[in-house]
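Next up: some structures, all given as structure tokens.
In the two complexes that follow, subunit A is the common piece, with subunit B as its partner first and subunit C second.
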Partner chain A sequence: MNPLRDAWQSIVRRDPLSTDKGKSELVFLNVWLHIHPAKVKKENLKVKHTFYLGFITFFLFLVLVTSGVALMFYYRPDAPQAYQDMKDLQFVVYLGSFLRNMHRWAAHGMVICVFLHMCRVFYTGSYKRPRQFNWVIGVVLFLLTLGLSFTGYLLPWDQLAFWAITVGTNIGSYAPLVGARIRELLLGGHTVGESALLRFYVLHVAVLPVLMTLLTMVHFWRVRKDGGLSRPVWKLKEEKSAQLVTIGAPVASAALAAVPASKDKTYGLMEVVTGKPIFETVSMEEEEDTVFSYPYAFFREGIALLVTVTTVMAVSLFWKAPLEELANPAKTPNPAKAPWYFLGLQELVSHSALLGGVIVPTLAVLALIAIPYIDSNPSRRPADRKWAIRAFTLFVVVNVVLIIVGTFFRGPGWAMVPPWVHITGAE
Partner chain B sequence: MKRRSFVSWGTAGLVALCSAISVSLGAVVRFLTPSVFYEPPQTFKIGNPADFSYGPPTFLADEKIFVFRDPEKGFAVANAVCTHLGCTVGYFQSDESFHCPCHGSVFKADGTVQHGPAPRPLEWFEVTLARDGQLRVDKDHTVPASYRLVVSS
Partner chain C sequence: MERRLPQFFFALSMIVLALMLGAIWQAASPAWKTYQQEFHRLEAVGEPNAAAKSDVLNAALVIKQDLLPGLQRVDRCTTCHLGVEDPTMKNAPQPFTFHANLAPHIPAKFGCTVCHGGQGLATDQQNAHGQVPFWQEPLLPREYIRASCGRCHKEGEVPGVPELADGRRLFETQGCRGCHKLNGVGGTIGPDLTEEGAIRRFPEWLERHFLDPNAVSRNSPMPNFHFTKEQARALTFYMLSLTSEQMGTYYSSVRLIPSASYGRELFVEKNCIACHSIGGVGAKNGPDLAQVAKQHSPGWLDEQLVNPQLIYPGSTMPAYDLETNARKAIITFMASATAEDAQSILSQRTKPLTPQDAAIEAGKQSFARFGCVGCHGLQLQGGVPNPNSQGGEVPSLLHASDDYTKEEVVKIIQNGKVPPVENTARPAAPLYMPPWKSVLTDEDIHRIADYLWSLQKKKDAW
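And then the complex of A and B:
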């Protein structure tokens, strides 16, 4: 009897990794890894199928939590002390500037990646049955990401922060009946002041991250239960597409018939659960296309994590997060811009506040949520869903163009300027 | 348990649950609404009439107001907060108008919108003479653009 081996066995609780059983047990006996299936389809691991955007978004969230907790050691949400703390982080605290840069750039990266992830899911038709509700959760996660970024924007308490939030919250106040009330609740007053700073801080470091974590767990869990990562359907042969179905999930059409459970397999739940097994089954042909999650999937996820963290660190080494002068409620910078991801809305708001501030964003969010329920076309092949792809592409292009116009082509007094003005600083 | 009593108890339970959730949500909203706003008072004194010159308006940054003094008509106070998205407007003597730096709204000297996305004219606040002879502005009390306080010097 070897006490050390016993102790190790009590921790890892699995067979050696040299065996197939050990590789499977590594996944489902480990609380951190059990969200993975023991085996994954080889196709799903290809970078060009998912670009690992969901993983990258999640890894950016981890970077944000880590760097954010570090920043909290030196930050007080109290005006004007908050600004002094930012200056301390910038110039006094060891690695303070670097951590702040990482936090800022990872936040921007997360907004971009969550949007790109949404585009990928749309273009591959991966929101279709049985994944409709997971798409809805994804849209809510996208909104939470914007909320986290927006609440964090105020915390430096500089001119950029103050006026971006003043403009941003005023956009929201155009909502009929409840707009002004929501703004008052959010700000804890009638103007952006100390109450607003404290409220945004609480939302930023407690409320929204907790919601984000809970919904992310549900999102991952549903990806797993809805049949794992979704691969582009046009990569599959006709007969193989039938094998994508999760048994127990509602069956969309006859074309996607469930694969009968193999007689060679034993199912632990069979004695207590009647009916079809609720977990995914694979046919013998498909088993040939699968590999163990450990090491194949974990290795690639590890690479994605490394690339994400390294990129954020590299960007943070060379580009500083902006910090302007102390917030001054009496002096509006010219132009005063909302955070870049809201500049599309601000561009619309510069023409009509009701249109840009209320009607368009409300309709856009409702339309995004409704996509899997409006789109009754069961096919995931691009050739069968040209109009859906055209409509979504139009939505993406309009968004991007408006953001580019708001960011680069708007100068003092919101007048049109050539984009190089922002670089040279002169007209 | 009989079906009838199950349904009635179940309904009562559901109603109780919904009521509890509604009351709790109401309490949360009320909790988040400050009972006291620790903000600058809406009524404040801005100085003696003699402190203000004739001609271009005086901008008071902390209060975000413009104080106009006209030799014949008297005092008027305009809100410097743009009615579009809350930015602080500037007054340009050259064309006697207010310009908003955020989205280019332009207001005439009487506060009406000349062009731009602003949905409403600039507000004008009541200005009165306090007992100690100072001008007192009440931001809770808006008045027509034609309102003037005439102070005999």
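And then the complex of A and C:
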């Protein structure tokens, strides 16, 4: 026996490519080719159906993990060294400034893309049976994204970071009974200080990314199990849509019609488990409607990745991530603002702490999670769900307007100041 | 479309590659490298042979930094300012020019930014000179750099910087503390000045502000003190030196510079001439100090000042609690002191104050220091217009004892007083007596009352 050959075979695990078996095993044993099904529907790949927003969000996450790990080599989560490390990244570390810019802009981009992705999923009705739970996971992923961005916000330890987190955690403390406790647990004290910096760091680089990765895996797995990428099935021709079968689904939701049982084909555990699987969408479409994942899906995803990376890099080359003065608890900026994505919340809080800071956002998140269970309308056709679309659009518009007001229209003392008015004497 | 996908993919890959190269180029060609190369060329000119020339030209380009934990900073200024300690670069252009008169403040121990301001960590001109948003200490203009001496040398005279001591004197005598807090003592009407030298260091603004507060900050409640240009400059220097920044022991040990002039001040203050003579002039209870200074080393003199009993058990000389630099200053003065010095000290000597007089003197100083003079006048004559108060002006204090008991006056100083109005239909009088409880101790307030009564006594005698 040749031990070297043994070792090689233990790694590649296939026969030589000169054999037919080896050639087929090249595909069968390749993990990358098995993230996707062998074939995907042509329709699914169209840009205008999904805008690849889910992919882009995921790729931004990859950019963030990569640049984040690189930044970790240069960062000490201790005050005030953390701030000096920021300065070192800016002035001394090779590519340090560029890395930090990428991390910052990709983070903002991810918050935006994950929100747009959620909008897209809502407007195409893609959260409906059998994908209800994946929507819930999606909402949790959205909250995790906000959490990652928020915990990362503190790490530069400058005035911007310090006061944004002070304001942000103050909003959280308005919750009755538990609010102050949660804030104390999060900060490791009553004010933002060194222990808060360490806690935020651990959450930012360990806890939240791990949760994010696990849930992302489940999210992707569910997408694949529930029939792949979303597409507007209501646009398919009558005869095609007649071939779409939802097996095991309650009769009420069988709006897409059923086909004769003889053409039935499932991916259930046949011969082992009796009975029909629940929520298993099976396509009975013709061969010509599908294409091989490689190269068609792969190249498209690759292009989405490259477009994402190109955009982040280009932005990072020309726009610097902000860095203000060293955090100074004695010097409160006026107004002190939370990170931009919480400014809608801060705007609400400025009107009523309990109602705006706790009740409304809690209800909003619960409502988001409950959407697929409240919405009993089985149709995904926009014309059939006008009220759902109107309600969600209202939600989106209110959010965006509140954030814009909080970001651009609030001056010293949280007074209404249009962005084109310059206040003299304000620092 | 399908066929063009790989081409599209390839094109995008090229763009990513180009951006990556762009980032690398941006990171690999910082301005400081250009400066270092230029400096190497300058150095090479002076080299005798070709081998040495090429050695200098090919020297590694590195960031130079002075780690200054005692000053809580890292200064990278010498990355570009390469000729700072090289006298041959006297006539070299900036940023390579030699820094004359640097010793003993060498960059290795002091860095640059503690005196000059700017951002020590930065490695490009704009950031390093601090002329960027979010950096509070931009480079000080040339004529104000000397003000930074006061950041470490917080007491006494700094040779060559009379402005600092002048500014401090003005601050303590013009009643600035009446409105401004400094190191926890003072009023709250104006901003706290404890960190004035560490934040917002805009000397020109400060100087214009002292000449006319309203010219630079409209509706400032600060009155125009009609300072001269020199006084405004001195106050600006003093402001620029104010910082509560903790300096390491090495730096804070030289709070005051042991100059002969400060030694003379101490000599007068401690009343040495009461026992000693200099060059035969003065009292003869102790040895003549000009002789002593000649006979003994500074180290011996220092020990003698710390504990006279150690060298001469049974000596009648008391052990004065003097800090290192104060002792050094006295010794420096002794080395240069002459009989004429002793003569002038003797002639200026005033009688020692009785405890009662000392209390009155302290009251008088507090009166000036906390801004009472601003309204009541240096001669306590009052007279500052105060529309719609009874009498229409701030009352004179010369007749305080006619209308009040001492205890009543103490109460008024403690709790403040709103002047009664002349006409209730018109707005209340703009000036009022603020409460001083939180600023002054009870002892201070009683002394101020003593001071007022002391003036009263003189009048009665007349």
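We adopt the following convention: the second predicted complex is superposed on the first by the 346 of 427 C-alpha atoms of A that agree within 3 Å, B and C clash if a C-alpha of one lies under 4 Å from a C-alpha of the other, contacts with A are read in each partner's own complex, and residues count from 1 in each chain.
Just so we're on the same page, a residue touches a chain if its C-beta (ideal position, glycine included) is under 8 Å from a C-beta of that chain, and two chains touch if they have at least 3 such contacts.
Since we're looking at a predicted model, the values are computed, not measured.
*Asks:* Examine A:302 and indicate which partner it touches, taking first as subunit B and second as subunit C; both and neither are also allowed.
*Replies:* A:302: touches subunit C, not subunit B.
*Asks:* Of the partners subunit B and subunit C, which touch A:313 in the superposed model: first, second, both, neither?
*Replies:* A:313 sits against subunit C, while subunit B stays out of touch.
*Asks:* After the superposition on A, what does A:98 contact: first (subunit B), second (subunit C), both or neither?
*Replies:* second
*Asks:* Just subunit B (first), just subunit C (second), both, or neither: which does A:220 touch?
*Replies:* A:220 contacts neither subunit B nor subunit C.
*Asks:* By the touch definition at the top of the document, which applies to A:414: first (subunit B), second (subunit C), both, or neither?
*Replies:* Only subunit B; A:414 stays clear of subunit C.
*Asks:* Between subunit B (first) and subunit C (second), which does A:51 come into contact with in this model arrangement: first, second, both, or neither?
*Replies:* neither
*Asks:* By the touch definition at the top of the document, which applies to A:123: first (subunit B), second (subunit C), both, or neither?
*Replies:* Neither partner.
*Asks:* When the two structures are overlaid on chain A, which partner does A:163 contact: first (subunit B), second (subunit C), both, or neither?
*Replies:* A:163 sits against subunit B, while subunit C stays out of touch.
*Asks:* Of all the subunit A residues, which ones make contact with subunit B and with subunit C?
*Replies:* Common interface on subunit A, subunit B vs subunit C: nothing in common.
*Asks:* With touch defined as at the start, can you tell me which subunit A residues reach subunit C in the complex?
*Replies:* Within the complex, subunit A touches subunit C at residues 84, 87-88, 90-92, 94-98, 158-159, 295-296, 299-300, 302-303, 306-307, 309-310, 313-314, 316-317, 323-325.
*Asks:* Can you name the residues of subunit A that touch subunit B in the complex?
*Replies:* Those in contact with subunit B are residues 163, 166-167, 170-171, 184-185, 188-191, 193-195, 329-336, 346, 349-354, 412-415.
*Asks:* How about subunit C: which of its residues touch subunit A in the complex?
*Replies:* That would be residues 2, 5-6, 8-9, 12-13, 15-16, 19-20, 22-24, 26-28, 63, 74, 76, 119, 121-124, 127, 134-136 of subunit C.
*Asks:* Sort out for me which residues of subunit B touch subunit A in the complex.
*Replies:* Those in contact with subunit A are residues 29, 32-34, 37-39, 61-62, 64, 84-88, 99-104, 117, 119.
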